[in-house]
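Some structures are shown below for you to check.
Look for chain A in each of the two complexes below; its partner is chain B in the first and chain C in the second.
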Partner chain A sequence: MRVSLQHLILCILVGLAGPHLVYGQVSVIANPSVPIDSLDRSDLLDLYSGDKKIWSDGQPVVVLDLKPRSGLKDAFYKYLGKSSSRMKALWLKKKLSGEGDPPASFENEALLLEHLKETPGAIGFVGFSFANETVKTLLVIPPEGS
Partner chain B sequence: MFRSIGLLLLLLWALPESASAQQGERPLQLFGYFQNQFQRQIEVEDAKVPGIINRVEQFDRTITSFSVQQLNLFLQKDLSQRWSTFINFEVLNNFSSSRRWGAYNLEEAWIKYRYDRRFSLRLGLQVPTFNNLNEIKNRTPLLPYIVRPLVYETSFNEIFSIDEYTPERAFVQTYGFFSPGPLKVDYALYVGNSPNINNWDDQNRKSEEQQTGIDTTATMLVGGRLGLRVNNLKGGVSLTRDFTNSFKGTEVLFGGPHDRFDELARTRLGADFSMTLSNFFLEAEYIQVSYHENDYPGTTSFNLSRAFYYVTLGYEFRERLQFYLSYWFIKERLVFLDNQDKAIITIPNVGLSYLVNDSIRLKAHYAYGKVDFEEHDTPPTTQTINILALAVSVVF
Partner chain C sequence: MNLRDLKIGVKQGIGFGIILILMGTISIFAVQQMADLRDDIEVVNQIWLQRVIIISDLNLNAAALRNAQLQYTFAPNETDREEQVGILLDFIDRIENNRDAYEEIVAEAQARDLYSTEEQALYRGFDLKWEQYLDHSLQLVMLLEENRRPQAISLITGPAQLVFEDFSTDLEGLVELNREGAAEAAVRAENTFQATRSVARLLLLLSALASTVIAFGLVRLITVPVRALVRAAGRVAQGDLGVQLYNQSADEIGTLSKSFNKMTNALRAASQETQRQQAVIERKNKDLETALKQLRTTQQQLVVREKMASLGQLTAGIAHEIKNPLNFVNNFAALSSELVDELQEALESRRHLPVEEALASVQELLQDLRFNSEKIEEHGKRADSIVRGMLEHSRGQSGQPVSTNLNTLLEEYLTLSYHGVRAQDINFQVTIKRDLASSLPLITVVQQDLSRVFLNLFSNAFYAVQERALRGEPGYEPMVSVRTRAQGGRVAIQVQDNGGGIPPALQERIFEPFFTTKPSGSGTGLGLSLSYDIITQGHGGRLYVESTPGEGATFFIDLPAS
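This part shows the complex of A and B:
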């Protein structure tokens, strides 16, 4: 098969960009038991920074994260206005001050989704195509630049 | 006092806890961190020789040492959704009881009730909120520094009294924040012991009172912080007031009644500011300590002031490497009769910190310190300190 020069250059550029490629839409999802149907950036930051720990119905908030650094994770934290490292520092400060634990983190979106479906009060984020009718979609973060 | 206790008991009784909130008990957690370091320190002191013009004698020494600078062990248990407990043990400086090295302290032991973000109440031994760094000054994994900014560095206690600048302990603290729009307004209010704690007298092998560790007065420390957060900006002001007996016995110098320096009022005023902008971070704090007494006509006024500030500017590269420049300053001044005692400490410093992973942080720090002392009736002295330190900080 003949490969055009433009195609080859495009593949090289995609390979170099690696996990920092601009990501598509990110879906913020929650267990169906969560007593809200939508939220905004400020609410989301409160949840992920540990400022809000209990839902309005008294359920504990369970925040989920992805472990490896990826375009999806970068896009999510960029939307919150914080880098991944700053969020980690914030969680570590809370942990070492007795004010809360970091989110549970998962190796990939499938594992996160599975845990979220089984955990009342859980909230997390996945790529748009991962969200389905078994979970609540609270917010869709548009791609960067859109 | 009994009315205050009664109000507190009423408040605790009235705190609501729903059935679902009583769930949420979690197993006991054990975790902690330690920081090991290597430090090379060069001290040089220039003392002017009295009576000989331009004659300066110099004394110097160099120290290199490895040490387990600090280890903290935490126990935490969530008793329910709203109640949790926390205990913090700390060991310092190669602690060894048989060799009498270092120290072992109970740093925190408290129980917390959290109603919501607006109201939490902690009861028990705790580090009070004051400026930005006080609560986390001993949380070495959180700090890029190895040597901490002056008043937050316990090893500088031999040079000046660091606990004059920051409140070390409180026993009741309420805190939280309110969110009017995009702003977050933080508050904290606390009470604790005065600084007049009964110590064990090692030389005479006795203590003043029957128990050590107790406050020997009926006064208390009260204090608090009010802060604002918006986006990546944070700032606040802090205030404490307590009463100190540390100047008792100096009435002979200043005149006045024999109890002139009993429970001298002390006020600490602090201000803090921090921000992040892209990969840059900036932190700054200011602390002023003042002492207040009644006027005594015909006697020498007691005029002691202490001031401290630091500024740190840093850059984070690829979320792993931090580089920073920092400047620390202290000025202490005591004026009485026609004399003035003064000490000025300036320390510019620079450092690097590298996050190997979520648990391990490597640090390098260089500080150049200059200490100028002026005491009445003695020649002024200047001391310089060069410190190069390397450390690894581990969270487990």
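This part shows the complex of A and C:
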């Protein structure tokens, strides 16, 4: 129910704002099996830092990342508060210490989306236009300046 | 209001105020410039040099990381590899810290518009390549986990090496940029400093000049008029009363100048007045001198008159005195004439008388004749001495002090005086008492002077009793007495009369010159004054009076015995 309402509101907003707002918005999406419907920035940071590895229902957390540098990627990591290179250093430390692997990275949003749909417990980010009902949209990051 | 008319204090205040403002302005300017300079230096240090340090450090840390990675890759066993992990983690942390520090400074620099787009591009470039290197590093770990060492080695020595070199270049570029920035900022700071110094020096010079001029002006404001005042006062002190000061301002100096002018004007007026009065006084002095000369002449004339008067008094007395001896001389001469006739008769008688009888009567007659001649000689000499004495008295010369019997002198001049008075008034009756000490010592006196004194005292006494007699008191008997005593080395003389006496108020004044109670024309008033001088100054004695009005007066003379 909640997803629908959020989706509805967003659609209305998008509808009102027009195509201008669609560009730059980042959607944080997850496999429908994920036991949450939304999250905030610190939750997101914990997931991407590798600090939270298990969902509340025991499923392992699978974090997905985009490989090439883009405005979308920059926007996402800017929202997180750590640039992607900073995150990567963090992941390297974790890897060296044996605390876990870094997220899998994909060449483009379509590939990421495909993998996400097939992997339970997966979480990732795409441009707003890529998000649809086949996935859970946990959070929409507004563009800079809004 | 005219600037000149402000009070001196106000003028000084303004002058100093201007100086203070100048100094203050310079100080404020200098301080401000110092602050700017400090900011510039701070920029150099904090913004640029810090970045240089951080980036250099980052570069070193990256190199060290790479070195550790190589060690990690080529580690012979698990244990060694584990060892390197710690080092790797450490260096990754360090690099992250460097990045944090750098990004913090960059944020501040951006706020101050001191972060160039060039540097931003460089850093972004570094960021990208660093991320690539991190990707390689991750892959390295995974390859070694899977025991695929050759691939790991080829990765670390191949693509990873290239990326490393790449981003190292970027870092060096960053360092260079910041060093340049630092150098530029330092140059700017130096320029600012130089400019500030020059301007400050100039301002200091200008304000020093201005201050000097103002201070000089202020001093002159006071010293010039004060000097004028001092000069003017000096001239006034030297007697030039025409000095005027021309300062017309309304400040204290002006007021002082006006007062000074008033003062000199007043002095001039006073001086002129003084001169005028002096002329008047001089005229009066001349008049007084003339009057004084006349008085002196008159006084001398009066003294002469007094002497003449006393001489006049003498004359009658002397005339009478001479009459006595001359009578004797006449009588004895007449007798002698008769005796000569008798002698002739005696000689004729020898015809009818025995010779011895005739001779005896001739001798007797001759003896009588001798006696008469001696008497004539005696009285003639007496008359001669009287005349001589009178002549000496009239000449008025003081004469020489001679040893004298005062009794004799007193007696002589008492008689003379008495006869003198009687010559003027034949009916004048007076009883004269004498009480002259027989043992009176001879004293050395100027006889002419003393005789004048005695004459004066006696004539005064006779005048006094005569006056009282003329009043017609019933039963009044005029009396004048003279007394002498010798007392302990001194001789005392008293002349007493029972005339009208002298009131106490006048007893002091009778010895004053020209003082007389006689009607004008009757006396010069100099008699007692001269007597007083003769006794006190001429002979070192005393002359004083005691008198009871209505009963008489006593004059006392007191002389030292030698």
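Going forward, the second predicted complex is superposed on the first by the 123 of 146 C-alpha atoms of A that agree within 3 Å, B and C clash if a C-alpha of one lies under 4 Å from a C-alpha of the other, contacts with A are read in each partner's own complex, and residues count from 1 in each chain.
The rule is short, and it goes like this: contacts are C-beta pairs under 8 Å (C-beta built on N, C-alpha and C of every residue); 3 or more make two chains touch, one makes a residue touch a chain.
This is a predicted model, so every value here is computed, not measured.
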When chain B and chain C are modelled together on chain A, clash or fit: clash
Partner, of chain C and chain B, that touches more residues belonging to chain A: B
Contacts of A:Gly81 with chain B and chain C, given as first, second, both or neither: first
Partner chain in contact with A:Gly58 - chain B first, chain C second, else both or neither: first
First, second, both or neither for A:Lys95, with chain B first and chain C second: both
Chain B versus chain C as contact partner of A:Ala110, first or second or both or neither: neither
Touching partner for A:Val140 - first (chain B), second (chain C), both, neither: neither
First, second, both or neither for A:Ile36, with chain B first and chain C second: neither
Stretch in clash, chain B with chain C, out of 77-85, 185-193, 275-283 or 293-301: 275-283
On chain A, the residue positions that both chain B and chain C contact, one per complex: 83-86, 88-89, 92-93, 95-97
Touching residues on chain B, where the partner in the complex is chain A: 18, 20-21, 24, 31, 33, 72, 74, 76, 81, 84, 86, 88, 108, 110, 112, 114, 116-117, 135-136, 139, 141-142, 177, 182, 184, 231-232, 276, 316, 319-320, 355, 358, 395
In the complex, chain A residues that touch chain B: 42, 46, 51-54, 58-60, 81-86, 88-89, 92-93, 95-98
Chain C contact footprint on chain A (complex, rising order): 69, 83-86, 88-89, 91-93, 95-97, 101-102
Partner chain A, residues of chain C touching it in the complex: 85, 88-89, 92-93, 95-96, 99, 127-128, 130-131, 134-135, 137-138, 141-142
